[in-house]
Structure formats: C-alpha cells, structure tokens
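Below: one structure, written as structure tokens.
Chain naming follows the written order as A, B, C, D and E, and within any one chain the residues start at number 1.
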C-alpha cells in the first residue's frame, strides 16, 4: 500500500546516469517491435537483436520502435548510444517512480506518461510507466510490459487509413499519448461504477465496511490525482509548441488532447468531492442512528425508573405502612404508576422526541 | 447521478476526429433553421436539406444557422465540409461532455457553452451543450434539442429593433451567449427558493430528510460550479479581443457579459457558503438536541437511582432491622428519599442543567 | 435573507442596454443636486428639471451632479444622451445587483461602489449601490436614496477649505469613494461591538441563541466580504493610474485610499477568523458540558447499581437464607454496601474523574 | 480584545491629510533625539524644540532624528513642513492602525513597521507602530513611546565600530528595521516557551483552561500573522532596490533581512500548525476519556441490571413460588447471578472492552 | 520539541555580519579535508592548519574543501578573508536555523541545504545544515559534524571514474546536492515503514498510543515539509542557469536533481495526506466502537428495566393483591416478563440494531 514510498533509495550513492532498474520486474524477456511506415508502405517486424532497428534511425520514413520490458540495461545502453540519448534519460526510463514529465533535448523530446489500471477486486490502483522518445524521424516507446493499450494505434497504421500515415512521428507521439489519456476515461468510468454502488449501499444500509472502502477509494484517488496532475503541464507544454519536432498541423490535435487531460483532471476532482460528500453523509447518518439509540434508551429508562421506584416503596417491609392495608391500595398504586408513565410520554411528545 | 462519469470511454480507440455522438439522444429528427438578415431585410426559413443553407455562407448579409439535434453524423459532415470546419471541432460538437471553451481558428471561432436546467422535483441539475461556430458572415449554433432559450434573440431580429440587425455575426454570437448566461440567473433564482424553503425547515424542525437534501443540493452545486467556472475564461477571452471576428463596438457588450458571468460565479460561491453554513447549523442543532436528551436522562436517573436504593434497603428481609419497627420509620424513610431528590435537584440547578 | 439571489432574472430576454430598474424602490421621487465650483466660487442648487444641469457639462469649473433615486428611466436616459454615456453603463446604474467595479471609457470613468449598513437590531447587513461617472470636468453620482454619507464632502466644498476646491473632478471622485470606504470603518466598529458582546456571552453562559447569532453573523460576514473584495481591484486600478482623468497629484490620495481598502478587507478577514474561533470555542464548551453530564450520570449509576443489587439479594423471599437470621446481618449488609460505594469512589478518584 | 476593530472611525468625515492622533496615548511628552554622524565624528543631543534638528537636513553627515511620542500634531506639522513630507504620510505616522508598508516618494522613502510585545501574564500580544522616513542624508524614526529596541543601534553608532558609521542613512534604516525583525525572534522564543508548557500540560492532564488558552494563543497568532505578513513585501521591495536611496552595498544586508523576515513568517506558520495539532490532540484526548467513562458505565450497568432482575424475581410475593422453598434455592440463585455476571465479563473481554 | 523556536534570539542586538555560532555544538574539534583533482590526478589531504588549503584557491584544478564543525569563528574568518566571502555568508554558515537557500554573489554561489535524519526510536526528525560555497575553481562545504553522506562522492573522485573528474566545481556542487536529496529518499523509505506499521496497528487494534504517534508523525512531517519546500526554489534557481558558475553541460543534471526534489516534495505531501486519512480512520473507528458500546448498553437496559419493574410490582407488600394468590400467578408473571423481553428484541431487530 505504501508502494509509492518503497525502493526509492535503491540508487542512493550511485553516480547519476548509472543505469539500474528501479521497480518490480513485470515481464520475463524484453520484446522489441518495429513499425516503419510512410504514406505508401508499412513494414512491421519483431526484432530479436536490438541492432536490427538501428538502420531505421535516419530513413525518410517514420519509425516506431516499441520496447516492452525495461529491466535489461544492455538493450537500453545500445539504443541510447545509437540514437544519441542522454544517460539521464535512460536512467529515467528505467526508474518507474517518475512523475509524468516532458523534457526537450533539441534533437529529441523525452516524455514520461503513466498508464493507470484499477483493480476492481482489490479496490486498488496500479500504475505503469510509459516513456516516449520522439525524434525527427522516429518514436521509441518503452513499456513495463507488453500491453494492448497501443493496439488501436498499431491497427490504424496497418490499415493505412486516416492522418496517421501522412503526418510523421510528431503525430504518432500524439496518438500514443492520446491512447494513454483515453485509458483514463475507461478508468474513471469503472471508478464511477464503484462510486455508484457505494452510494446505493450508503443510502440502503451503511456499514463499517462501506466507510473502510470510502477511505480506501479516497486514498487511491489521491494517488491517481498525483499521477494525472503533472500531465497537464506535459500536454500543455507540447501544445504551446515548445518543441519544433511537433508540426504546426499537429497543434489542433494536441489542443484536443489538452482538453481531454483537463477533463480527466476535472473528473478526478469531482470524484474527490463526491467521496468527501459521501463520507460526510456516512458520518452524519451514523450519528443520526446513535441519536435514535440514545432516545430510545432515554425514553425507556425515564419512564420505568420512576415507576420502579414507586414499586420499590411498597416493597419495603416497614410494619407501619397504612397504604398497604387500604383495600384499594394496590389498584391505586398501579394507577399512580400508569399516570407517571403517561405523564412522561406526554412530556416526550411535547419535546418532539417521539 | 454519476452521469458525469459515464459513457466517456465510448470513443476509446477511435481515430481522433472520428464523428460519433457521445451523449443521450434527446430529439428524434434534426431541425435546421436559417435566419439571414441585414439592416434592411430578414429572411427566415426552416430547411429540410442542409444544402439549402450553404448559399448563405459568403453573402454580405449576416446568417444564423441553428441546428437542433446533433446526433446525425451526415449533416454535421456536410456542414463541416462546406464551411471548412476542422474535424476535431465537429467531434467536440457531437461530444456533449465538453467543458465550456473557446477556440480561435482564425477563419472562425468555436465556442462551447452549457445550458443548465434545475429540475425542482428531482432536486437535480441537468446540463445541455450549445456550440457556436462564429465565422466572418455567419453563426452556426448547435443545440441538443429544440429549445426556447434563443427565442428572444430570434424575436429581436425579426422585429428589426435594436443593434442586433446592424452589428453582424459577432454581436449575434454575443446575444446568444448572453441568453445562456441569462438562463443561469433564472436557475440561481429557483435555487434560491429551494434554499429559502430549506432554511425555514431547518429553523422549524430539522429532519433527516433536510440533511439529505442539503447534501444533494451541495453535490449539485459542485457540478454547477464545474460547468460555470470555465465560462469565465471563455467570455474573458472574447472580451480581451483575442479574435478579430468580434468588432471593436461589440467589446463593451462582451465586457458586460463578462460582468454577468462573474456575478453568476460569485452567486454560486455564495450558495456554496450558505449550504455549508446550513450544514453546520443542522449538525450543531442535532447535537444540541442530543445534549438535551442526555440531560433529561441523567437528571431522572440520578434522582431516582439513589432513592430506589433506599427503598431497596427497607425491602430487605433481615429479621433484625430495628428501623422497620419504629412507628415513624415509614414516613421518615419517605422524607429521607424526598430529601435526596431535592438535594439532587438543587445540585443540578447549581450546575445550570435545569 | 436570500435577497442576493432574488430578482436577478427580471431582465432575462431583454435586449442588452434596455433600461429597467432592478432592485427595491427605496425613494418616492428623484432628487437632483448640482454643485458647481472652482477655487473662486461655489454654486449649489437643487434642480427640478434634469435639463438644468446640462449647461455645466463643458464649463471650465468642476461640476458635481448628485442624483438620489435611480428608478426613473426618463431622467437617466436624458442624462445619458447629453453626457454621452454608453447605454450599458446606464443599465448598470439601474441594476443594483452589481459588484463594485471600475470601467474606463476614455471620455469618462464609470465606478460602482457599495454602501453597507449594519442593522444592529436585525443583526443584518444591507447594501446600497452608489455609481460614479467621472468626466473631464464633471462627476455624476447616483444613489439609491438620499443619504448623508456625502455630506462631509459637500461641507468641505462649501467651506472652500482644503484641496478639494483646487483639484478638480478626479479629486472629487476620490473624496466620494473615500467617504464610502470610511463608512466601512464605522460598520466594522459596530460589528466589533456585537462580536465583543457575543464573546462575553460565550464565556459567561453559552446558549443556543448565541450559536444562532454566531452563524448569522458569519453569513453576513460572507456577504460583506463579497461586497468589499472587488473594491480592491477598483481602487487598485485607479491608483495604478489607468485613467488619465485622474491627475498625477491625486495619485498619493488614491494610494492612501487603496491602503484603507486593504485595511478594511484585512479586518473583515480577521472578523471571519474570530467568528470561526468563537464557533469552535462554543462547540467544544458544549461538548465539555456534555462530558460533565455524562460523568455525573456514570458516577451515580455505577455507585448505586451494585449496592441496589445487594439490597435486592436480601429482599428475596427464599425460606432458607441464613444471613437473614444472623443477628448482625443487617448492619453487615449495610457495611458491605458502604464498602462497595467507597471502593467505587476511590476508583473514580484514581481515574481522575472526580 | 477586539482592539483591532476599535477607534477606526475616529477620522470619518475629515478631509484626508488632516492630522489627528489615532491610537492610545502611551507617553506624556514627546522626546526628540538627534544623532548626527559620519566616519569621523558623532554628535548626539536631545532637543527640546524641534527646530533645533532642522539644521541637520542638508548637511553631508548622516542624521538620525528619533521621535518618541506621536500624539503632538504641532511637532509633526513642523517636521513635515521642513523636510517636505506629504501630509498623507504624516497622517499615517499618527494613525497607529497601519499595516506594515513601504512607500517610495522619490525624495524619501516612508516605511511603517510594527514592534510586537508578548505579555506573558495576560497571554496577549500588543503591537506598537514604528515609522521611518528615509531621506538622502537623514532618517526620521517615530515611535509610540520611548523604547529600548533601538539602543543597540545607537550603541554601535556611538562606538564607531562596524559599517554603520561608513554607510549612510540607507544602512541606518536597514539597521533599525533589522532591530524590529530581531525583536520578533525574541517574541517567537517566548511564544515557544508558552507552547511547550501547554504541550506538557496537555500530555499530563488536559483541563478546560488548557483549551481556553490554546484558543487564545491561536487568536493571538492570527493577529501576529496579520502584522508580520505585509513585512515580507516591505523588505522584499527594499531588497529589489526599488528606491535609489538604498546604496548597492546595502543590498546584501537587505537580502539578509528578507531571509530573516521569511524565517519569522515561516515560524509563525509553524506555530499555527502546532496549535492546530494541539487542539486536535486535546479534542481527541477528551473524546477518549469520554469513551472510557461510557465503557465503565456500560460494563457496570450491563452486569448488574440482569442480576438485579433475578433478585427482583425472587423478591416477588407470589404464594406459589416453588423455588423459594427448595433447600438450595438461595445458593443456586446466587450461583445463577454469578454465572450471568461472569458471562457478561467474558463477552466484554471478547469484545476487547476490558 | 519546540527546538525550531529556540535560541533564535541569541544574536539579537549584534551588528549584522558578526560571527557567532547559533546551534548545538555537535563536534569537538573542526576537521578540514581538501581534495584537489583534475582529469589526471587526485590529491587528498587532511589539513590541521586552515592556511594549508589557501594555495588551492587559484589553481587550474578543481578543489573541494570540506569543513566538519562550524563553531570555530577563527577558522571561518580566515577562510572568509582568503576566499573573499561576504561576512553575512559566514554568519549564515554559522547560524544553523537557515532555510535552504541559494544566493548568487557573482564570484561565488552560496547554497544552504539541510540533511534530515529520522530517529526511528524517538519517532523524531533531526536536521543538520550543510552550506556550500561554489567558486570558479573550488567548492567549500560546511557540515555541522563529520558525516558519511558525502563518502560516495569522495569515492567517485578517488576512483577517477565518471564525469566527476572532468566536469569541474559546478558538477561537484551538483553531486554534493544530489547526495543530500538522495538522503531524503532513504528518509522517506524509513518513514514509509513506520507508516505501514501504524496502518496495520490501526486496522488490527487502534489504541490511544497509535493516535499519539500519528499526531507526532504529522508534526514531524510538517517540520520536514518546511525544510524541503524551499529546496525547490534553490534547485530550480540553479537549473534555470541563473549563475554562470554552472556550465551548460551540468544543466541536464541539475534538471534531473530538480525532478528528484519535486518527487521528494510530492511524496512528503502524499505522506501528509495518508496521515490525515489515518487520523480520520482512527477517529471514525473510535466513534464506531463507542456506538457499539452504546447499543449494547441500550439493549440490555431497555430489555431489563421494564421486566425488573414487573418484578418490582409483585414484590410490593399490599395485603390485597389478588394475583399473588392465583395458583398460576408466578408462571404467568414469568411469561409476561419473557414476552416483554422478546418484544423488545423483535423491535431492536426491526430497527437493525442487532
């Protein structure tokens, strides 16, 4: 649960730029896929030796190199050498505790994104890091494990339909980032289902477990928020055209992406507000029930304590208690008790308690 | 209730700019109205084929094309082609989960607004999206369904009175946006009635239902706030004259609109503060009643528990209890009990409890 | 109470710039006063026909036209026509739901201010709108009703002492705004008295009514804050010399006014903090009393419940209860009960409850 | 206590720049001290007639005129006339309700500071106003009463050691402001002692008085914060070199002063956080004790109520109650009661209540 | 505990720039280490007389002078004189209550950092000040005591591997600052362990001590936050290249350091949020237990109070109580009591209390 606090210090004392994998190893072997395309042709292959994809670096065609699995220092170093990537960038690719960020190294742009998955069963949020290196004629994407999140993009390239084949690596990078943001909408929808279920539960019969899960969801939302907030700056930076690697014609799409990002952030904030509201509602409904319990106790106690006292009096064994010998002593005593009880009830009704 | 979280992912995996309707279909068939006017004449017609309104695009007169119903991809595509609208704009028109925004595409300005309705019965707020495309000689407005919100504008054009016939599409766009903001004032007024009713209820006899409806209204206010806040930037952007499509003479009107927007936002904030205050008041009045209940219980119990104990003592069956045989044992015992009771009452009075 | 939410929609559907009075009519007939002055002379007259004050528009002397009562559309239109005021400005003059604002129309500056009165009896805050139109040689002021707030300014002009006669309309406008801000100091002082009374009440004997009035005052403070905050921008804008109608020599005075405005805002914030502190104090003192009540109940109950049980045992009617026949059975039983009671008291003392 | 709200309106209706003393008169007669110095010589004298210090205005040497007591309008007017001070500045000098501020009048800089004293006995914070007028060759300081806060500066000038004799009026002004900020460190230290004492009290035995004093200290901290916050802008403004009266070589000292100011503000914020934490701790410790009380009540009551009922049954006087005649009826009844008690205790232990 | 408020005033009244040690003396004697290196050679020595390191000032090689122990005024003054350090900088080096800051004195840059240690046993955070003076060919570092935090940097210089030997004093300063930030990651990890342990405790069996330690940890987090926040500006300032002493090639490393700083701040914020969540959870779990206690009391009391009353009735000694003589009086009474008890239980079940 405190995962966000863990293993941060693995690298303490190392020289900066030292490559070391920081994170859980999520996949056995590294897979490298290359898609090389222009308006006319598409070439797709899975390479076993990373050298195979070096030839695409300076071709006129756009090249997308996707690397699933980022724990193999050797492969990253080779790519870094060939494509002229700064060691600190490679270090960041391997360190999965990055916040989303965008860095412009003139020759290429380095983008870190987060894919977030909501584990409905455990009510838990997991994040996975996606890094993009966008060069003039290529995009290199790094994923922690083979994922299906980029499949629609791949499909669009293969089918050759749409702008994607025409508009080069900048647009490709946009399309990949767009997939990541689209993924958040799915996540928020599933969160919405959980929220709705909780709300119904809350109205029906609030239980201690409901409270527990509201708190958990709130904690998850805090973490989610932390992952998504910096995205705003990342996409905003791209949209303001800070890098020349993104063509002017890509600008409206980046603006659209920015709008989506804002919408995601907005929704996360709304979820937070909703959760606070649900907490408040839970707490005040609990305190309402408590009040009801107290009232019942008070009513029963305050009716019976005085009449029990009356019964106690006539249970005393004094020799000289004239009432005990009155022929109607007993029924009168009963009537007195009844009277006290009714008086109490009338008082409570007047007070508005019953 | 979690509507704001729903159906967001319908478009996941589609190429950006793909037209697909995201929202509830609120009207059967699409209606297209055209009003073409200048200072001299007005021409108003309902077209069945969208091609009929294309001729107005480049005329010197101002043209207002109003489209009610936005689920028909075909019509939007035709309009988009003819008027040179960017596919992403059309996508946004059809996606009713947009936040209010303003985008300047040099040739035209794209504005997204929200009409908000307050359903008094359900205590619920619904929003409807209105998109405006403002060109040099035309305004195209898209509504989710046929609404009466623009009727006063239509009426003013027909009657030919006022500036509206003189001042071109920029002023028309202002007038439409003004109608939307005016609509918020009505909404806030109805909200004010509900608030007032609640407050009276709260002072009179706070019930659990009151709490529930305060919470609901608060949630609605949060959503309302989210819809209205971005409007500030939209109108502010127009007012700062970021687009040349709005003439200098329209500027004071946009400033006026900006003032109204600020006023709306201000009022929403005040409503939020009021609701918080009402919640606090409710909670502390509930806790006050609880205290009163506790005090009554304590007073009754602490008076009768000791005297019942005294009665219990003389109800014991020991053979050798001299008091039982005293001629005045019984009245003395009664007096002792009375004394204890009075002492307790005096103590409570001193404590300020009764 | 929800007055701020009311009558906002009166104008919905009207063409912008339509003159209609929005607010309560606070005065029967409109009064127009003119003071025309320069260093040498003063001319003061009450005009019955608004045309009488038109002649002063272009004279070299400074002219102050004060209009009490703003519900008469006719008079405002005439003034607007003659002095060349934008219709939207006149509309704002008549709409008393404006926030304080400053608008620069090159030829003149339009300023909206709020006079706030504190009704000590009703514990309520009422606001009144004052609009100023500052031209090169004239100031027109609009008040909702005849007020005495500007009397000291009038007096200073009449007496011919001080800068006011030398420094023209810009300084006059400053003097009027200064009167309005001075009025807030009086208001805050009266608020301070109420606060102090409340605090004494709170320390002495907090009652439910105290709570109620703290909440009410807090609500009023929220409204007060909303009225005063925008003033900061208004005066700040004047001070930064955004308009050339205010001479350089007026600048130090505007800075002084700005300081006062900040001081007012600061004090309102402090009042808010004080009220929050008083609320917290009230709530925790209530909860303290509750705890005391609970403790008394617990002590009485836990002492007497066990001993009553002992009495109950010897009140049983079993034939074979040897203790009942012991000669010292009764005093021993009494001693046992006493022992239990003392043990309880010792326990409570150890716990620190008594 | 509401002192900050008082006497603000004394000046309402007066012409701006009218000199009137606003504040409590803290000293009988005004004292004027002059120190005139350069690297070579020091001249110190106490003047009885304010005219005596006028000669120093235009000398090449640096002159420090210190005025203790600011209620004498005559003296201030004379100084104002001779040194060419704006009437509004004199007005501000006499009005002790200013916030710290810095105003640049080209010929001189006007600085308002606050000395704050913590009255340990009353647990109260008092503030005193210090105004500085820094000219090209002189500094005039105004204090509400004769204070020892500037003594170390005086001493340093007399001893002729350090930069102070070399660096002119700008550095002198810095030294005076530095004394004021140093004074805050002493204040914060004394506050720290009070806090520590409170915290010990809180851990040991929280009493209602502790709560009261936490609230009081919190209120004082709010006021303290209000006095110190604006200082940041004042010193920041000086440091950014907005005025040419402060030599470039004074800049590092002003930066140092700025650092100290930030540190003071920081510490005040930390004190606020500490106080909030202490409040939370107090409230939850109170609620913990309450829970303990409730538990004891519940345990005693739930053990004895059922067994008392059993005793009540055998205290009934039915003629036909066979158990009463059983030889072992009594001990069996006692055992049953014991069993009920033990069962209850076991249940409570299982619940974790005892 | 209130250490942050202590000893601040030690220097009050002294001339600025006076050297006096403010802080606890943490080491007996001052140790001075010099490492002089370039790409070709490394020279490392511990000097006993501070003069020995003066020769390195203007050599072409990079020199790192590390001083452990900052209470010796003599040594600091000598260094200050020789290296031309401003007296105020030396004053700041000796005053351990500085916030992290960066000051650019053209010839050199002065950086203050904080090392923070978490004392797991005392659950307490201690901070130590590290000052860096970065000149064109040298770095002087000041530590409060000999620490091992810079050992990895020393090691890297000795081994001659990596950039550190090539890139001069700017990079060395970066490496030292990086060590300090890396140290925070270790700290946060240890904090994470404590948090996790607390959370388990909280879920298992929340005790009063848990609450106490949550509050303590929260207070520590507040202090931690105060120490780390200003770091953002420090590193940000370096990264924006405000000083020419940091070569362009060091820029990416500073950006990396900035990222790490943000990550640390982010994590501290998350820890804060987590702690708030844990507090809320604790408080509501406590209130849940309280409710359970109340319910048990209410159920027991409301079942037995009425039936005890019935028993009390038939324990009365009236002569004329016919029921007592009915042959089935006793069992009928028992059945009536049982009936009342069952009715109560049914009622509670219907209410959902059991």
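Keep this in mind: contacts are C-beta pairs under 8 Å (C-beta built on N, C-alpha and C of every residue); 3 or more make two chains touch, one makes a residue touch a chain.
Since this is a predicted model, take the numbers as computed values, not measurements.
Undergrad: Which chains are in contact with both chain C and chain E?
TA: Expected: D.
Undergrad: Chains in contact with chain A and with chain E: which ones?
TA: Both-contact set = empty.
Undergrad: In whole angstrom, what separates the CA-based centres of chain B and chain E?
TA: Centres of chain B and chain E (C-alpha means) sit 42 Å apart.
Undergrad: CA centre of chain D versus CA centre of chain E: separation in Å?
TA: Computed from C-alpha means, the inter-chain centre distance equals 26 Å.
Undergrad: Check each residue of chain D and list the ones that touch at least two other chains.
TA: Those would be 294, 297, 301, 305, 308, 312, 315-317, 321.
Undergrad: Which category does the touching pattern between chains fall into here: line, ring, star, complete, or other?
TA: Contact map by chain: ring.
Undergrad: Around the ring, starting with chain A and passing to chain E, what order do all the chains come in?
TA: If we begin at chain A and move next to chain E, the sequence is A, E, D, C, B.
Undergrad: Show which residues of chain C lie in contact with chain D when the two form their complex.
TA: 152, 156, 161-164, 175, 178-179, 182-183, 185-186, 188-189, 191-192, 195-196, 199, 252-253, 255-256, 259, 262-263, 266-267, 270-271, 273-274, 277, 280-281, 284-285, 287-288, 291, 294-295, 297-298, 301-302, 305-306, 308-309, 312-313, 315-321, 351-353
Undergrad: Please name which positions on chain E make contact with chain D in the complex.
TA: By the definition above, chain E touches chain D via 1-2, 4-9, 11-17, 86, 88, 91-92, 97-99, 101, 103, 105, 205, 208, 211-212, 215, 218-219, 222-223, 226, 279, 283, 286, 289-290, 292-294, 296-297, 300-301, 304-305, 307-308, 311-312, 314-317, 321, 323-325, 327-330, 333-334, 337.
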